[in-house]
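Shared chain: subunit A. Partners: subunit B in the first complex, subunit C in the second.
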Partner chain A sequence: MITILKDRLSLLKTNAINSYRVQTAYFFENWASLASTTFYVLTMLLFIKIVYANVNTFAGYKENEMIFLILFGQLNFYTDWIWNSNNILSFIESVRSGELDLILSKPIPSLFFVTFRDISLINRLKDGIPNILLISFLIDWKNIYTSWDKVLIGIFIFICGQVSWHCFRFLFALPVFFIGQSGQLFQLSGTLAETNDIPLEGFTGALRTVFISIIPSLITAQMSVSVILGKSNPLPMLLIALTVAVSFLILKQIGWIISLRHYSSASS
Partner chain B sequence: MRFYLDIIKFNLLEEFAYPLEILAFIIRKLINLGFLLLFWFVISSTNSDIFTFKQIVSYFLISEAVQDLTFTTGGRFGRDIQKKIKGGLLSNYLVKPIDTLRFLYASFVGGRTSVAMYALVTLVIGIYIFPPMDPISLLLFPISLVLTTLTGAGINIFIGIIGFYSPEAGSIKNVYVHISKIMSGALIPLTYFPVLIRNVASFTPFPVLAYFPVSILQEGGLNYDTYIKLGMSAFWAIFLLITSNICWKKAIRNYDGIGI
Partner chain C sequence: MSNIIEVNNLSKQFKIRTNKNLITGMFDPKYQLVEAVKDVSFEVREGESLAFLGPNGAGKTTTTKMLTGLIYPTAGNIKVFEYTPFDRKKDFLMQIGLVMGNKTGLSWDLTGAQSFDFIKKIYHIEDSKYKATLSNLCELLDVNKHLNKQIRKLSLGERMKMELIGAILHSPKVLFLDEPTIGLDITSKKNIRTFLREIQRNSNITLILTSHDMDDVEKVCDRVLVINKGAKAYDDDIQKLVDQYNKKKFIKVYFESLPDNLNAYSYAEIEKTELDVVTFAVEKSLVSRLISEVVNKNSVLDIDIISVPLEEIIEDIFKRSPNVSSLV
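After this line comes the complex of A and B, so read on.
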């Protein structure tokens, strides 16, 4: 067990170092990328300012709470960008090009490798930290009423949300084994995450159920924030997030096994 | 002219060769629109005295349609030019006896015809949900659409030109997209902006890309406000097209044809 863990950590370290070398190769693009993400955050904050210039609350959220939700939305975005989307895109390309043969022939856990192949830590931190700090600076922390247990449960729900969302999007990539392409399907799955601006309380009835259990896009940011701000009961939410994460992990594993059986190498 | 129409037709046929791509695109657009409408539904349900859901739905349907019908969405034409410069593909067009910019634009328009067809549907639905206050606006709206198309083309040429000076210009295009999304009124109508921000936005070409055409259609008539909007649209269209063409001619001297 310890040997397996050591091997996997070593694999993660190697991937992270390799990603760092690739990311630091393009100087101008690196800084332009920071400008782009900063302008995105600024326009989002401006949008919130404009909305709250006309209304007092939005789905029960005051302006300060809404900025707090944006903070979590951004944390979600950067965490996803560090390890999730880029790896699934590389995975689709590796199946199409036949490069997956090489991965499968190596004595490494292949699913683990394709999941964590590219850890874009440096670039994402460079883009993310200034924006996260900017949003944090704008939050009136004195008026965020929470407690440590809610924060801890919120962080755990955030992690469950990341896992669920990764597995959900990974499932959308698997058709590449059967039809030779899944780029559009993968992009389509990404569009389903455009829920970040709407609090959990804005989703009611069946819509909320769908966007938590079938399309798990509300867990990471909205559910965590709802729990941290005391708008939802923490324990039932934690149980739901955990159940969804475990279910999606099982689905990912099953999907991977079935897909590998249908894999006909593009390079052979 | 006939030559450029043929280019549009050729690219249109090429696009229709991949029907699944079109279907995926339409589904993505519908999902995006659905979330935007949900956002405004949640707001208007608790603030119905400020936001009328029917009017706001109509606004976004027409606004989306305007951006797609005028090919201004997301700075895509500019990005296409940047890609061609970066990959050295622009050389293929420069060596031919054609007007490069017109050729590129015709190709782009042809490849976006299915988007325009989708936009026509959303436009009709938008008008049906909240009909124009004055029927004369139905005549003024096409004029504003033409001016928006020209303004959008000018801005996109400028975005493309950045590619001559920096091959990694994609992120700069994204900066434009983020600013334009809010300042054009594509995310929230300019009417709801605080006065200061609204005044700043009014002096930029961004409202021409969404807010002006939609407000001309929804509330326009033969009045001072409409004349100002049309006048400013005409100014930006002429100014941006002339300056972008001049800049293009200067910038093209920097082209080193990577990939030849």
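After this line comes the complex of A and C, so read on.
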């Protein structure tokens, strides 16, 4: 067990170093993404200002709490960007091009490798930190009422949400093994996350159940924020988040095994 | 030497969707089964160099992919050092190397040195052994000056050399090569063939080569396994195959003027007569007798002795299969 963990950590470290080398090979290209994300954050903040100029609360959230939710939405976005989307896209491409052959023929845990192949840590931190700092400065922290236990549970829920969301999107990528392409399906899975800026409390009944369990897009940011701000009971939420994450991890593993059985490998 | 690979009754079928209509294809996709490999059996001994030959779509790459555990067979058994390849056990993968001429295993954006460093980590190669092997391979392939260039900036030949280093840096016991010289110029091809032969002889690596290029096969392999339409058509020593086909030699004689006594050589067949040039087909043992008699009795300008090239031999096997029993 310790050897497996050591091997995987070593692989993770090597992938992070290689990703850094790839990113720094194209220096000027890197700054365009910072401009793009900053523009998005400014637009979002302007939208919040306009909405709260006319209403006091939205789905039970005051303006300050809503900016706090946006902070988590952004953290979710950058975490996802650091490892999730890039890796799934390059995985789809590697199946299509047959490059997966050369991954499968190496003595590495292949599913782990394709999941963490590209860890764009430096680039994404460079894009993310200025925006996250900007949003953080706009939050009136004195008026965020929480406690350490809620924060810790909120962070754990955030991680569970990331895991669930990654597995969910990965399952949308797997048809590439059967039909030779899954780029559009993967895009579709991304569109299902467009609920990111609506608080958890804005979803009720069946809608909330669907967006927590079947399409797990509400866990990472909304559920975490709801728990941190004391709007939801932490322990049941933690249990739900953990159950969903474990279920999706199992589904991902099963999907991977079945898909490899059907891998025909691109012709050479 | 012991068998390192054992393949029994191996088959692989692919399901191809035939109804590609946007609407009806969703409800009634219709599939056709294509047999890529049909009931193939063979063994490979340790240190052997075997070539899979066959026309496009014959099933040779599919067989290689099943041997390396990339795809699952529909039927049959494969054992590579007692492992079932598609279980993809770490110990099995540690002992094989794979090079695919059309695919790159090294990251395009990294340099060769950075990529090899990654390989060193995943195969847990000791630092001193890594340095020694890398230096030796780089010298053999003359790529020292390219080690710190991005892979994408290298020429195809240089890239293929890097791919080869990446595939054997961990000293595999079996090296699978799928079209390793495809698209390369004559010099690069020659270098790679010489290199492969050298590592096969010196390091006792078992080589399994898939290629369309007969020169690759002749220069690198001792044994040839011809696959046609998914089935095995020939499996034996390459020299034996050439000898079987070259029991007869073709003697092309350029006479000053066409003689009348051509029927005097009853032990030789006249294959072709063209102006003053006659091509005789004669048993290998009678070649010198024919030449000496022809030269003594006639005025001869020139003589060519022609063997059947491997390319034509293989083409003949393709034409004859799948009637395997009627082959040489």
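Please note the rule applied: the second predicted complex is superposed on the first by the 266 of 268 C-alpha atoms of A that agree within 3 Å, B and C clash if a C-alpha of one lies under 4 Å from a C-alpha of the other, contacts with A are read in each partner's own complex, and residues count from 1 in each chain.
Rule of thumb we're sticking to: contacts are C-beta pairs under 8 Å (C-beta built on N, C-alpha and C of every residue); 3 or more make two chains touch, one makes a residue touch a chain.
If you're wondering where the values come from, they're calculated on a predicted model, not measured in any experiment.
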item	value
If touched residues of subunit A are counted for subunit B and for subunit C, the larger one	B
First (subunit B), second (subunit C), both or neither touched by A:187	first
Which of subunit B and subunit C A:39 touches, first, second, both or neither	first
Which of subunit B and subunit C A:206 touches, first, second, both or neither	neither
Touching partner for A:53 - first (subunit B), second (subunit C), both, neither	first
Touching partner for A:10 - first (subunit B), second (subunit C), both, neither	second
Which of subunit B and subunit C A:1 touches, first, second, both or neither	neither
Shared contact residues on subunit A - subunit B and subunit C	26
Touching residues (chain side subunit C, partner subunit A) in the complex	14, 61, 65, 68-72, 88, 90-91, 93-94, 96, 98, 100-105, 107, 109-110, 114, 118, 121-123, 150, 178-179
Parts of subunit A lying in touch with subunit C, wherever the complex brings them together	10-11, 14, 18, 21-22, 25-26, 97-99, 101-102, 104-108, 110, 261, 263-265, 267-268
Complex interface listing, subunit A residues touching subunit B	26, 28-29, 32-33, 35-36, 39-40, 42-43, 46-47, 49-51, 53-55, 57-59, 184-185, 187-188, 191-192, 194-195, 197-198, 202-203, 207
Subunit B residues touching subunit A - in the complex, by the definition given at the top	20-21, 24, 27-28, 31-32, 35, 38-39, 42-43, 46-47, 50-51, 166, 168-172, 174-175, 178-179, 181-182, 187-188, 192-194, 197
